[in-house]
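Order as written gives the chain letters A, B, C and D; numbering starts at 1 within each chain.
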Amino acid sequence: MAIRTVVWNEFVHEREEAEVRAIYPDGIHETIAAALRQDPEIDVATATLDAPEHGLPQERLDATDVLLWWGHKAHGQVSDETVNRVAERVHQGMGLLVLHSGHFSKIFKRLMGTPCSLRWREAGERERLWTINRSHPIAQGLGPSIELPQAEMYGEPFLVPDPLETVFISWFEGGEVFRSGLTYRRGAGNIFYFSPGHETYPIYHEPAVQTVLRNAVHWAYNPVPAWSDVSNAPNVPVDKAPEPIEQRGASLHKDGEAGFR
Amino acid sequence: MAIRTVVWNEFVHEREEAEVRAIYPDGIHETIAAALRQDPEIDVATATLDAPEHGLPQERLDATDVLLWWGHKAHGQVSDETVNRVAERVHQGMGLLVLHSGHFSKIFKRLMGTPCSLRWREAGERERLWTINRSHPIAQGLGPSIELPQAEMYGEPFLVPDPLETVFISWFEGGEVFRSGLTYRRGAGNIFYFSPGHETYPIYHEPAVQTVLRNAVHWAYNPVPAWSDVSNAPNVPVDKAPEPIEQRGASLHKDGEAGFR
Amino acid sequence: MAIRTVVWNEFVHEREEAEVRAIYPDGIHETIAAALRQDPEIDVATATLDAPEHGLPQERLDATDVLLWWGHKAHGQVSDETVNRVAERVHQGMGLLVLHSGHFSKIFKRLMGTPCSLRWREAGERERLWTINRSHPIAQGLGPSIELPQAEMYGEPFLVPDPLETVFISWFEGGEVFRSGLTYRRGAGNIFYFSPGHETYPIYHEPAVQTVLRNAVHWAYNPVPAWSDVSNAPNVPVDKAPEPIEQRGASLHKDGEAGFR
Amino acid sequence: MAIRTVVWNEFVHEREEAEVRAIYPDGIHETIAAALRQDPEIDVATATLDAPEHGLPQERLDATDVLLWWGHKAHGQVSDETVNRVAERVHQGMGLLVLHSGHFSKIFKRLMGTPCSLRWREAGERERLWTINRSHPIAQGLGPSIELPQAEMYGEPFLVPDPLETVFISWFEGGEVFRSGLTYRRGAGNIFYFSPGHETYPIYHEPAVQTVLRNAVHWAYNPVPAWSDVSNAPNVPVDKAPEPIEQRGASLHKDGEAGFR
């Protein structure tokens, strides 16, 4: 069965700025979606900020295996309700790919618990992503490095937790470095942050970048049934303890009662 | 110079329930504060939910090196403003010790990015905390294990990210296990979660538990100056790049302009 | 294509001791192999200590995707040459499952870099393995815990590096805990340590234990081509640098020369 | 009490090659030792390959808190006995700083369990080490980066396990990146790998590099008493189990007997 994937884009730059529209006439999401569709195992749809519930109502999220997230200038317009729904689905097992300026999205900050800040420069300089772990599934089909002739510089320190794995580290012409491909797990959900993708350069048209995105969809996909009650903290009644025990001492709760939250 | 420490407690159970008041007549915070005061290098104050700004206004947080957090039934009454201030101070370098039912506090869930859910049972059963890493600073002065004659069971799965270090794992009489001492770093701040501490048992009177808390204050203390702009994402102008480069291609930003958030 | 798997067993206890032979008449390796063969995607063979090169000559290792290792009283009889070959293949991408008393095998200590010591007791007590991460591929098809009516106690501290992931933690009737399922990556190779499997109890006949082993073979399998030169440290000649540079200053090496080892 | 530190150097290049002797007339170890002696809390001695037992007999190691290791062309001349002794002391709690070409030393490979291979080029190019975690004790007193006008390029992939923390990442003029400051824990011992330090450049004369080394000695120092039996796997007799249990089923061991190794 195909991996049900949704590419989410705030879709603002492409409408407001001619330079961006020239590169992504149908929006960044459509270029990414077309790249993913080259893989018959990936079933691709898109969603944008301006749709009702930002295109991500509960029932759609429940039917999504992997979500890609591109946002930049409209992070603040994403409703907290949507962020809550997406976070809960990640905890239940939905994969999440956070792209480029999505480092400052509400959903990424929510899942990381850190500021997710970094240094940046928009000079159209050369970026070279080095594969740190060439045996990682996300790095398959690539050479030792990916070269981007023009990129926005993202520089360290990048304020995220130490990752599960460091997949890529970038070299920039102007002298900086950046951990440009990082994996995390939050609950049952696999998360990959991938930094290339500035709106004024044709980065998502690069074949190697498209390969990374397809690989990452496969990597992030968790085929296990959704962990639907991942946020619950159930009481284990005394008579259901794995080992026989007897109640001793005071208790403020009644057996089987819900705990405080 | 002493480590400026604040013990925060919601201070509700002790006022409402006679069983709890019998064990902690002045509140859990005062028992913990007294334990910390045995260490002359720790300077101890307390704060409670009912104080203005929950006793944690900005200027007080700015003068706090390590914060301890005990909450249970009133998590929802902690204002989001206070949670934001505390999270920012942790990112800047303030240490945080989250205790027992604080696993479901807003601040812990914020910093972890996961549900922080678990299983539980209030049967007054025996708990034995095994020291996984006996060379860790938090484990100094302890034997191979700590035995609590009566404890609330907290059982796995505990929905937190994989920790920096696993310091303690608990065995429960009723048959469960729990990762009862875990370390994390978020920004410049060191975080320790320590699960013992149910309000109906005299756990904070236990000498070994008090030793852990004193050790953990020392461990969490980051003597480095506060990283006051940890959340900022500054632009690096093209003419300030470490290597000489020239602007190429389109840019939506002006040099030195603030980025989008 | 099937995952080419070899189950290695020192095969000494089963020949020397009637109690063990009664449980594993053809050797522990044959019981494990039969369990793996229930999965048509796993192609299973076996090897034992007494074969030439312990049944693991280079060409066989080169054709092996996942190796399982059971050893106990004859760790010292495994030749260093074989250990070197196996370690190199793990670095190149062969998966490795280390079972029970294999914690003290030369190959596991080699790959961990730590003593791999633990506490133990052979009392036939009850063990309950709790699934810490129920969304992990290794935990699929299991309930919240696996109960073994009789097991050898392995207790913390277990002197291994902090793992990539903690999949299982065990509870023991006699009062101890143990991290009984841990994942690691070393080079391109995935490693899983799984502690159940004492020779005097029929543990490898347990359906849930067999499920874990089959899952772990799939998890450890890295379908990427072998990283055959993983141990090489090639010189990058100055004229092959990704960015044009000129040689400056003294050099003890000639261009393209091999480095010191 | 001062931190008892030993700087170990193979001390071969400085004797054989005039270019190296010009930079380090008394040997690299003496330059490093002089840098450490600027800190009154560090007590510094040196040891070299040509001394009996390479200057590291058991009783000296037992009296050493932190060991620094510089080796390059004579890795193979270090005896396995010495490597064993050093590894055991690290497991017991001795800190270890592995410098530059020490990535291929027997002791580092032993403690990592991986090939520790990398790419390299000796072109005297510029290296810039970026501080990834500026709140880390090892990074105190530094700015956002350290610039080395001439360095040997070490490039990714660097075949080591995912570290506890990534402290520095290097940018190279020729286009590569490298994780140049990594922390690990093995048993009770703290390990820091720091890549700058090529013998033909005056890198250990750089004040910022000297600051890193002094910081790292403090960080690696574990004041806890040595874990002298860290490699032992003691039996816990049935009648000493924390919870009362009775022996059930077959046992191949007698109570209190040593296990197999």
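Here is the rule we go by: a residue touches a chain if its C-beta (ideal position, glycine included) is under 8 Å from a C-beta of that chain, and two chains touch if they have at least 3 such contacts.
It should be emphasised that the depicted structure is a prediction, and the values quoted were computed from it without experimental measurement.
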item	value
Number of hops, chain B to chain D, where each hop joins two touching chains	1
Centroid comparison with chain C (C-alpha atoms), farthest chain	B
Between A-C and A-D, the pair joined by more C-beta contacts	A-D
Centroid distance [mean C-alpha coordinates] between chain B and chain A, Å	27
Chain A and chain D, separation of their C-alpha mean positions in angstrom	36
Centroid distance [mean C-alpha coordinates] between chain C and chain A, Å	32
Multi-partner residues of chain D (each touching 2 or more other chains)	128, 134, 155, 162, 164-165, 175-176, 185, 187, 242
Chain-level touch network, classified as line, ring, star, complete or other	complete
Contact set on chain A toward chain C in their complex	93, 128, 134-135, 137, 140, 145, 147, 164-165, 185, 187-188, 222, 224, 227, 242
Parts of chain B lying in touch with chain A, wherever the complex brings them together	13, 17, 19-20, 72-73, 75-76, 87, 91, 101, 104, 110-115, 117-125, 150, 153, 155, 159, 161-162, 164, 173-176, 184-187, 199-201, 230-238, 241-243, 245-253, 259-261
Of all residues in chain A, those that touch chain D in their complex	128, 130-134, 144, 155-158, 162, 164-166, 169-172, 175-177, 179
